[in-house]
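The two complexes that follow have subunit A in common; it is paired with subunit B in the first and with subunit C in the second.
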Partner chain A sequence: MDTFLSAIFSGTSRGAIFALVALGLVLVWRGAGIVNFAQMGQAMFTTYIASTLIANGNSYWIGFVVALVSGAALGSILDVLVMRPLSNKKKTELLSSDSMRAAIPVIASLGILGVLQALAGIIWAAEERGFPAPAKQEGFTVAGNVMPFTAFDVFVITCVAITLILTSLFFKRTGMGLAMRATALNQEVAKLSGIRTNRTRTLSWAISGAASSLAGLLLTPSSNLSPNTLDLALFIGFTAAVVGGLDSPVGAVLGGFILGMVISFVTFYDTPEDVFLAILAVLLLSLIIRPHGILGSKDVRRV
Partner chain B sequence: MLKVENLVTKFGSVIALDGVSLSAQASKITTVIGANGAGKSTLLRTISGLEHPAQGIITWQGESIIAKRPEDIVRMGIAHVPEGHAVISELSVEENIAMGSLFRRRKFKSDVQVALDEAYQLFPRLLERRKQLAGTLSGGERQMLAISRALVSRPQLLLLDEPSLGLAPLVVEQIIDSVNILCRTTGLTVLLVEQNANTALGVADHGVLLSLGKVVADRPAAELKADAALRAAYLGY
Partner chain C sequence: MCVVSKLKAHSTARKSLIRTLIFVIVILFLGSRFDAYNQGQLSVVLILFIGVLSVTILTGISGQLSLGQGALMAVGGYCTALLMTNYKLSLWIAIPVSIIGAAIAGLLLGVAAARLSGPYLAGTTLVVALAIPTLANRFFSVFKGDEGLPVDVGYSPKWFSNTFGEPTYEQWQLYVALPFAAIALFFASNILLSRSGRMWRSIRDHESAASLCGVNFSRQKIFVFVVSASFAGLSGALYGLRGLVGPSVYPVSLSLTLLTAAVLGGIRSISGAFIGTIIIVFLPDWIDLVIDNFELSEQVSNYMPALISSVLLILTVVINPAGVAGTKLHKHK
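The block that comes next holds the complex of A and B.
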C-alpha cells in the first residue's frame, strides 16, 4: 500500500512536468506545424542561465524569472531568425514535394538542438552540476511517518497548475488567444480576418519556450544539469503529446500524467532500468491503437 | 474604386489569369461570371493577397495593393469571403464573427460592438446560435457567418466568392438579397463571383464574363443578361 501511494504521488509530480513539456510541443505544433525537437535544448540553455545567476549569489527567484523570460525570448528568436525564413514560400519553392517542405523545419529544429548543446558545452563546460530546488525534497512527516510527498512536489504541482490555468484562460478569454486558435485551425481564414499570423506564430514559440523553461527548472533539481540532461524529458514529453493527441493541449496534459504514472509505477514495482523500454512500449501501443491520440483530430499526423 | 489591369497569375506552368483587366465601381455590385476553371476564384484570391500575381496592376482607391499581405489588405478596407463557406468549424459562431474585428479592437473600440450588432441584425439566425460551434450550422448559416465575419472588419469593398455554392435556391435568394440591401443602403462596393449567372446578373450593376483566364465581355449586367448568344457560347444555356 505504501509503495502504491508513493508511486501515485511521484507519478503526479513527474506527470505534471511532462504535461508541461508536452504542452510546449503541442503549442508549437498547432501554431506553426512543427515538432520542435530543440525544445528541451532551449530549456537546458535557460536552466544554465538560471544556474549561473544563482551561483553568482542571486536568489533562486531571480534565476527562476530570468529563465522563464529568456525561454520566451529564445523561442521567439528561433522562430523569427530560423523558422520564419525557412517557411518563406518563395525560397522553398525549389523543393516541390510537400512532405519535404514539412520536413525542413523539423530537421532545422534538430540542428538548433545540436547548436544549443554545443554552445552550452562551450560556455558552461560539459560536466554535470547540481541545480537547487526552492523547497525541501524530503517527504513531509505526519505523526512520525515520512510521507512520500515532498514540499518540492507541492511546488511543482502548483507551478504547473498555475501555468495550465493561465494558458487556458489566455486562449479562451483574450483576443490574442482567439487569434492564436484561429491561426492554428485555419491560417487562410485567419489572415483574411486581419490576424497577423507571423506574430501569433512567434507568440506560440514564446509561450512554448517559457513553458519548457519552467519544465527544465522543475526537472533538474532531481537529476543534474548537463547539456544532455533534458534529452530524455523531450522524448517522454513527445510520447505524452502523441498519446494525448499532438494537436490537443488538453490531450497533452492528460498524456503527460499518463506517462508520469507509467514511469513511476515501473520505477517502484519493477526497476528504473526498464523505464525507457516502458515509454517505447507506450509510444508503440498508442500509435497502433489510436494513432491520432486520445483527444487529437484524425488528420493530423504528417511528420 | 478597384482597378485591375493586365493581371497574370500562374500556378507553376498553369496560367489561371491571363491578362485580366476590370474595375469595380464604388457602391455598385460588379459580378464576375464564367464556367468552372475560368479563373474567377483566382482573381479574388489575387486581389486579397492570397496569391501573388506574376504581373499586372491592382489599385484600390488609387493605391497599389500588389505584394501586400492579406492581413494588410483587410486593413485597407477590402474583405474577402472565400469559396466554400469559409468559417472555422471548431470555433463558436460568436468567435468566428469576433475574429474579423480583432484587428480593430484597439483603434475603434466603441465601433467594434456596433459592427457585431449590425451583423446579428442582418442575420438574426446567427444571434440565436451564437454559442454553437460553426461546424454545427447549416450551409446557408455558415455562408451568413462567413459574410458577417467579413463585414465586421468594416470593409468598403466586399469580395464574395460563390455564395450560392451548394445552397438551396431560397437560401441563395436570401443571402443575395442581404448583400444587395447592404450595397444599396451603406454604399458598400461588391465584387461578386458566381457560377450561377442568372442570379448574379439579376442583382448586379455590371457584369464581367471570364473564360479560361481571359475577359470575354465587360458590360452592364442587364445587357449581358440579354445576350443569348454569349450565354450559349460561354455558360452553356
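The block that comes next holds the complex of A and C.
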C-alpha cells in the first residue's frame, strides 16, 4: 500500500511537469505547425543561466524569473532567426512537397538542439552540477509517519496549475489569445482578416519557451544538470502530447499526467531501466488505438 | 519499344557500375596514400556512408523522416556479434545474415511507420532509437548489457596475405568495409535510377497523384523502410566490428549524426551522402588543426565539432536546403 501511495504521489508531481513539457510542444505545434525537438535544449540552457546566477549569490527567485524571461526570449529569437526564414522559403524545389515541408523544420530544430547542447557544454563545463529546490525535498510527517509527499511537490503542482490557468485565460479572454487561436485554426484566413501571423507565431514560441523553462527548473532539482539531462523529458513530453492529441492543450495536460503515472508505476513496481520501453509501448499503443490523441481533432492528419 | 527499354536498362546498370568502379579505385588510391590513423578514419567513412545512404533513400528519396536509423544499425550489429561469438561464423557469412535480420526489423518498423507522417514519424522513430538499445540490459544473458559483445574484423586470411602482402589491422578494416560499401553504392545507385526509385520519388512529391498513377503507396513506403533498414543493418554490423557491439556504440546521437551528414551533403543524392559523411568524419580533425593555433581549454575542443556541425546543419537548412551536392536543384522552382 505504501508503494502504491508513493507511486501515485510521485506520478502526480512528475506528471505535472511532463504536462508542462507537452503543453510547450502543443503550443508551438498549434501556432507554427512544427514539433519543436529543441524545446528541452532551450529549457536546459535557461536552467544553466539560472544556476549560474544562483551560484553567484543571487536568490533563487531572481534566477527563477530570469530563467522564465530568457526562455521566452530564446524561443522568440529562434523563431525569428531560423523558423521564420524557413517557412517563408517555399518556392525551392526541395520544399515543394508536403512531406519535405514537414521534415525540414524538424531537421532544423534538431540542429538547434545540437547547437544549444554544444554551447552549454562549452560555456558551463561538461561536469554535472546540482540545482537547488526552493522548498524542502523531505516528505511531510503526518502523525509520526513520513508521507511520500514533499513541500517541493506542492510547489511543483502549484506552479503548473498557475501556468495552466494563466495560459487558458490568455487564450480565452485576451485579443491576442483569440488571434493565436485563429492562426492555429487557419493561417490563410487569419492573415486575410488582418492578424499578423508572423507575430502570433513568435508569441507562441515565446510562451512555449517560458513554459518549458519552468519545466526545466522543476525537473532539475531531482536530477543533476548537464547538457543532456533534459533529453528524456522531451521524449516523454512528445509521447504525452501524442497521447493527448498534438493540437489540444487540455489533451497535453491529460497526456502528461498519464505518462507521469505510467513512468512512476514502472519505476516503483518494475525497474527504472524499463521506463524507455514503457514509453515506446504507450506511444505505439496510442498511435494504434487513437492516432489523433484522446482529445485531438480528427482533421489534423489522415491515417 | 522493347529494344529502347532494354538499352535503357543496360545503360542504368552500366552507369552504376562505372560509378562504383571509380569509387573503389579512388578509395584504394587514398587508402594506399594515408597513414594508419587516416586509414582507420577512411574505413569509418565507408561504414557510415552506408548508413547515410539509408537516410538518403528513406528521407531524401521517399520523404519519410526517420530518426531511428541507429536502432536498425544496432539490430545489424547485435545480429553479427551474436552469430560470430555464439556460432563462430566468419564475418562474410554473419554480415549477410544480419542484413536479413535488420530487414525484418525494418519491415516491422515500416508497417507501423507507413501509417505515420511528418513529425509523428520523426518522434516515434526517435523514441524507438532510445528504447531499442535498452533491450540489451533487459535481456542481459543474451546481449550482455552495457558491457556489450566484443567483436572485431580479425586478421586477413592466408591466401589474401600471400597474394597482396600482409595488410596492417587498419588496412584490413578498410579492405573489409570496401566491398560492402561498393555493393551498397551499386545497389543504391541502381535502385534510384530504376522503377522503384521513381515510385518512391512520386510518393514523396505527391501521395494522391502517385496513387492515381497506380503506385500502391503504403506498400512502397514499407518497401522503402525494408531497403533502408538493410543498408542501416549492414552499416551497423560493420560499425560494431570496429571492436565492440553495445548500447554505447549505437546511441540516439548516432542517428542524428547520420541525418546531419545526409543533409549537409545533399539529402537527395548519393554523391551528397558521400560528401556529407566525409565532412562529418573528418570535421573533428580539421577543427583540431585550426584550434591547435589557439590556447583553448579541453572542454571547448570537446564540444567544438558538435557545435560546428549543428551550425552547419542549421545554415544548410535555412540557406541551401539542397546541400553541397544539390545546389543545382535551386535553379528550377
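To be clear about the criterion, the second predicted complex is superposed on the first by the 294 of 303 C-alpha atoms of A that agree within 3 Å, B and C clash if a C-alpha of one lies under 4 Å from a C-alpha of the other, contacts with A are read in each partner's own complex, and residues count from 1 in each chain.
Throughout what follows, a contact is a pair of C-beta atoms (placed from the backbone, for glycine too) under 8 Å apart; a residue touches a chain by one contact, two chains touch by 3 or more.
Everything quoted here is computed from the prediction, not taken from an experiment.
Undergrad: Using the superposition described at the top, determine whether subunit B or subunit C touches more residues of subunit A.
TA: C
Undergrad: Examine A:60 and indicate which partner it touches, taking first as subunit B and second as subunit C; both and neither are also allowed.
TA: After superposing on A, A:60 lies clear of both subunit B and subunit C.
Undergrad: With the two structures laid over each other on chain A, which partner does A:274 touch: subunit B (first), subunit C (second), both, or neither?
TA: Only subunit C; A:274 stays clear of subunit B.
Undergrad: With both complexes superposed on chain A, which partner does A:179 reach: first (subunit B), second (subunit C), both or neither?
TA: After superposition on chain A, A:179 lies in contact with subunit B alone.
Undergrad: Contacts for A:82 in the overlay, against subunit B (first) and subunit C (second): which applies, first, second, both or neither?
TA: second
Undergrad: Touching A:170 in the superposition: subunit B (first), subunit C (second), both, neither?
TA: After superposition on chain A, A:170 lies in contact with neither partner.
Undergrad: Based on the superposed arrangement, let me know which partner A:194 touches: subunit B (first), subunit C (second), both, or neither?
TA: First partner only, subunit B.
Undergrad: Which holds for A:265: it touches subunit B only (first), subunit C only (second), both, or neither?
TA: The answer is neither, since A:265 touches no partner chain.
Undergrad: Show which residues of subunit C lie in contact with subunit A when the two form their complex.
TA: Touch list, subunit C to subunit A: 59, 63-65, 67, 112, 115-120, 122-124, 126-128, 130-131, 134-135, 137-138, 204-207, 252, 256, 259-260, 263, 267-268, 299-300, 302-304, 306-307, 309-311, 313-314, 317-318, 321-322, 326, 329-330, 332-333.
Undergrad: Quick one: which bits of subunit A touch subunit B in the complex? Just the residue numbers, please.
TA: For this pair, the touching residues of subunit A are 175, 178-179, 181-182, 185-186, 188-197.
Undergrad: With touch defined as at the start, can you tell me which subunit B residues reach subunit A in the complex?
TA: 48, 50, 69-71, 74-75, 79-80, 82, 86-88, 90-91, 95, 98-100, 102-105, 149-150, 153
Undergrad: Over in the complex, which subunit A residues touch subunit C? Could you list them?
TA: 29, 34-35, 37, 82, 85-86, 89, 91-100, 102-104, 106-108, 110-115, 117-119, 121-122, 125-126, 231, 235, 238-239, 242, 246, 273-274, 276-277, 279-280, 283-284, 287, 291, 301, 303
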